[in-house]
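Letters A, B, C and D name the chains as they come in the text, with residue numbers starting at 1 for each one.
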């Protein structure tokens, strides 16, 4: 179905060329300062308009419809909408009859009996990720001081220079060239993005099915275009011996306090990628995703006419990203924040030892502020 | 938490050295012929005792406690238990004070405040996967004629020969050698396993969060030791151009009937790995997982004494797998069957057009058989 | 939390005096004709403006933001918004400092630490039920030909005449008088509403926890002001002997086809109220709810000043319903439709015997229509 | 489906005459002292053998299969089994062909296509409630010092004397007579049971769908034989004016600390029954249930032969309760404890303001005890 999370739950709605898209968040604690300005930086990083990204540029102004009063969350559902302004649904007339290769046109045609919205992918559009980024901004605020950082590892087969500094979402000179060459050829390129989470305490993640990796993977493979995911040593672990792969446990890691990055640095390796047995170790959570080249390319492709069943060449209109991997970092950070905050709430919900009943009162939040 | 699935739900219970382990299944349709013999083949493939696997050999006799009457499921929860017979909890006395590197000992110590069962990993043990294989046998039966096949792609860095025939879980000569060498060195090795699902109709998988890949990934990363997962072209997709990555749509794929393997073969590529936009295409679902070397090795490792905080060398007793990847295939098949059957039920639950109310009666199952 | 349903899921959002209120529906099948006109009749029945109901009259124009394309549902989330136009938030300035007796002001103050929206009850307002009625209109359409009917049994202690005909939501002469008298005294009255569901096939409802009555009760007690609920013989069952309470089984009820109302009439009694063992019998589902008098009354009441802790007399501004029971019928019908449709989907999802995989294709919906 | 709860989840399994019945509990915190002796008192109160209850007497010895280590919960699923020893499945041979009036035989026949276990109701048996009582004992322990008390209000139409003291589950002299008379006539009687929860802090219950009353009602209507439920003033609220029904707010109720029973006594009324807007007020939670007479009676009843479709007289063998209301109190207490503990965990999970990440560490439970 279309929602995610156990206590901090997000659900997306909208179609690429419908009136609006957005997100509804259930389970946000009350009293959290939250306004549009909390979302704008990540929304700006997600937006198109840069070289290699779509020419469709929406203002992406978040409209908070509910759940916030006088600048703070109320504890009831938060609905955030984004109007679709820069629409050109006519670009997609051909798609209706001839599904685009690599897109969800044909699978949605099968699943929904032909009743899906074909304009720009409808609900199955990268446009929907704007709601994720909005919800992620709220989750990230709640997660402080846990820090989630991404960097682009390679684009179009060109690795990011080790010495690269500055903004992590900005491609290197060589990467820009390979993207530009693909764009000139009405083609597209993929890439690899890495995410590192610092400051997550040890003990997060539930036994077996809701392991830390399981929950992250569930959310991450919902991002359109993700083809692969690895944690820590990842694929290379398959070629290591256990004695090389096991991260040694140093005394610093057993001090009784959550592990710090410094502790981890001290013992050298983090092949586990921050989780053992599905539970966070206190070391940084490290994972990488492979992003496929966008399916929407300008050049002619082979398809079929759904009415006649005959082969049909298709040229897809619309405004495409040459490299969607450029826009993945803020989305990956948002989903990671959503997943980790939810897992923390579940852990706390399950394991807070001083239950309200036993301590004679509610949690600290239970001490209400005075009305103004 | 500890359960998985929306309509076909499984939950595992038990500890490696407790009285029993097993699985409870909610949401199984009634009237399905089911007995221990349906589970035995997959259980035998999962069992230890072969070269490279643990010397602990349990009889793994499934005890069906509920939900089956006169050889058919009743529609109420199915509980399957396995007694733990071959226990040697004393092997784990040292673990209590000194967590094993690469295991969940320390993370569980943090999460559960020291109250976990430390014997053989307790609940965080490969022993728990016996319940998965049992539930998977039921799911696989319900999925017929969808076929799920796995093969080992490499072990300890040694690829499986392309020409290999016979049982897919049996290592090649060269692989057996690398495993034996590791075992001799009191060490362990990893591997890669591929899974192919044939016959899944187009249209399975839910929009956004419950995409086909998301649900599979959620379950698969719950398997102890999985470090990476890729679908279809996977990592290599990150280096392809869109024109090369997009699978062309041939007329055969739009015949109005679910796609067949033959159709797919006809148009040559399946870079998508059987899903587009999170929904099955009708082509085979193809994915690969990286399995790390088992953390439990016989040789001395660095740990810490939890009581004193001082460094401690640890030698882990117990009976270990040298290569857990050898036992992953039946587990991977079981989880895949559980996930796919659940997604099919959800799709049917959501989209069956002839609702009982409208067709004037229940589904075919609603025509009760006569009592004998 | 704030959502309901397993496959057909609804979640409400908004505050009484915020920008908008509404509902998001996940799990609606695709291809269902749906537009504002499907919702207008029930919305009109819920609206205020009649004698005994609030003077706040909203236009209640449903805005479908997503999930509908060219007049049919797409299978993705349906978001329906209602703008709040007739707002007078200043009516509630006093409420901020002095909670209203019988309202949720003080409980929300405790729960949310003083961060709730106090204007007109915020999220805890009857205003939110407009979204329920909208979602119920969609569910009722999907349930056809199951028919859900309500009637007012008593208002302010005055029973509805047995011979009453015409619109069931319209109070009798004597009832109007008792309501008018209460209004004149700046006071309010309660009532009892009965609901009868005809045409529900036998077999709906899940074993134990998701019994038919459980799921209905869960939803119904979410309606603000419901204090009691009984099924079939209800309270009087506690005084009957088993031989009198058991509904005899006549041959007509075991014909192998779902029971009809005629069958039921034939054997005379329906003490069970349409469910046995939590599963529908095929007889009409019958239940009654007690609605308390609205808490919002104009006369002076005793409260407390939250800042000083001293007693405070409060006179509540705002526009109140004298008798909320008058507006309960369309809300009760909506929730009943939502619950029953969800239970039907779950039953079908669990028990459809011809799984797509086995019948070689998807459900009938899986035969896509041709694009126009 | 067959499970209940968001964080503290229980699922029942088993059939009345199968090998065993029981419960699996997911989401129990670790470190809670728990053993069979915690369950025995409530199990004894539920057991048959007294006048008016079934002659089937099981030893009801709880077997803890998992989730407890060295006398404390581990944080992983707790499975508790009860062997079925006193079985007489042959008593139910006739039931197979002729469904019992008032039982779920016919509805299960429809729902499960004739594949249910007909012996003693199979899964739809009061026998299953033994697992509820076991899980409730764990929940009650976690809820301390919240106290849940029940009393029988009437049996067979005979009210419990106001002055009654001693054990609340013991019928009065007049009640015993009416039960004995029914038993002598091979008939059965119903009753009413009241439940009062003291010490629940204000603020428990979630907005709209997971209101305190909704969650309690969901669980309570799962108990076989419950026909009606009312909170606080209940049905009588429908006849009160608002000025009489509203509980006045006295200064003592707004001291900033959770309300106590003493506070409530001070302001005299608790028509709300302990919840406003679906959230606990801090006053006692008060509700009453109507229990129907048991359907299983010895005298001849009208049924049908499922094979021939002809009328059939049926005499039900088996050992019946004359008055199931006598055994409802411990079951009602157990479900109430399960629901309230889950709602407290959800409230804490959602609203604990000092998130682990922000306070630099896990909850108090996060300070692990030293291994012994």
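Keep in mind that, in the parts below, contacts are C-beta pairs under 8 Å (C-beta built on N, C-alpha and C of every residue); 3 or more make two chains touch, one makes a residue touch a chain.
Model, not experiment: these values are computed from the prediction.
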item: Interface residue identity across copies chain A, chain D - same or different by half; value: same
item: Identity of the chain that, by mean CA position, is farthest from chain D; value: A
item: Between the pairs C-D and B-D, the one where more C-beta pairs touch; value: C-D
item: Distance from chain D to chain C - Cα centre to Cα centre, in angstrom; value: 25
item: Computed distance of Cα centres, chain D from chain A, in Å; value: 42
item: Centroid spacing, where centroids are CA-atom means, of chain B and chain D in whole angstrom; value: 36
item: Contacts with two or more other chains, residues of chain C listed in rising order; value: 1-3, 6-7, 12, 27, 30-31, 75-76, 110-113, 123, 202-204, 207, 256, 258, 306, 346-347, 351, 353, 362, 365-368
item: Footprint of chain C on chain A - complex, ascending; value: 1-3, 7, 9, 11-15, 18-21, 24, 26-27, 30-31, 63, 65-67, 69, 72-79, 81, 96-97, 109-118, 122-123, 306-307, 362, 365-372
item: Interface residues, chain B side, partner chain C - complex; value: 6-7, 27, 29-31, 75-76, 142-146, 199-204, 207, 256-258, 344-358, 360-368
item: Touching residues on chain B, where the partner in the complex is chain A; value: 1-4, 6, 12, 99, 101-104, 106-108, 110-113, 121, 123-124, 128, 154, 156-157, 182, 185, 187-192, 201-211, 213-222, 224, 226-235, 237-243, 245-251, 253-255, 258, 271-273, 275-282, 290-297, 299, 301-304, 306, 309-311, 325, 346-347, 351, 353
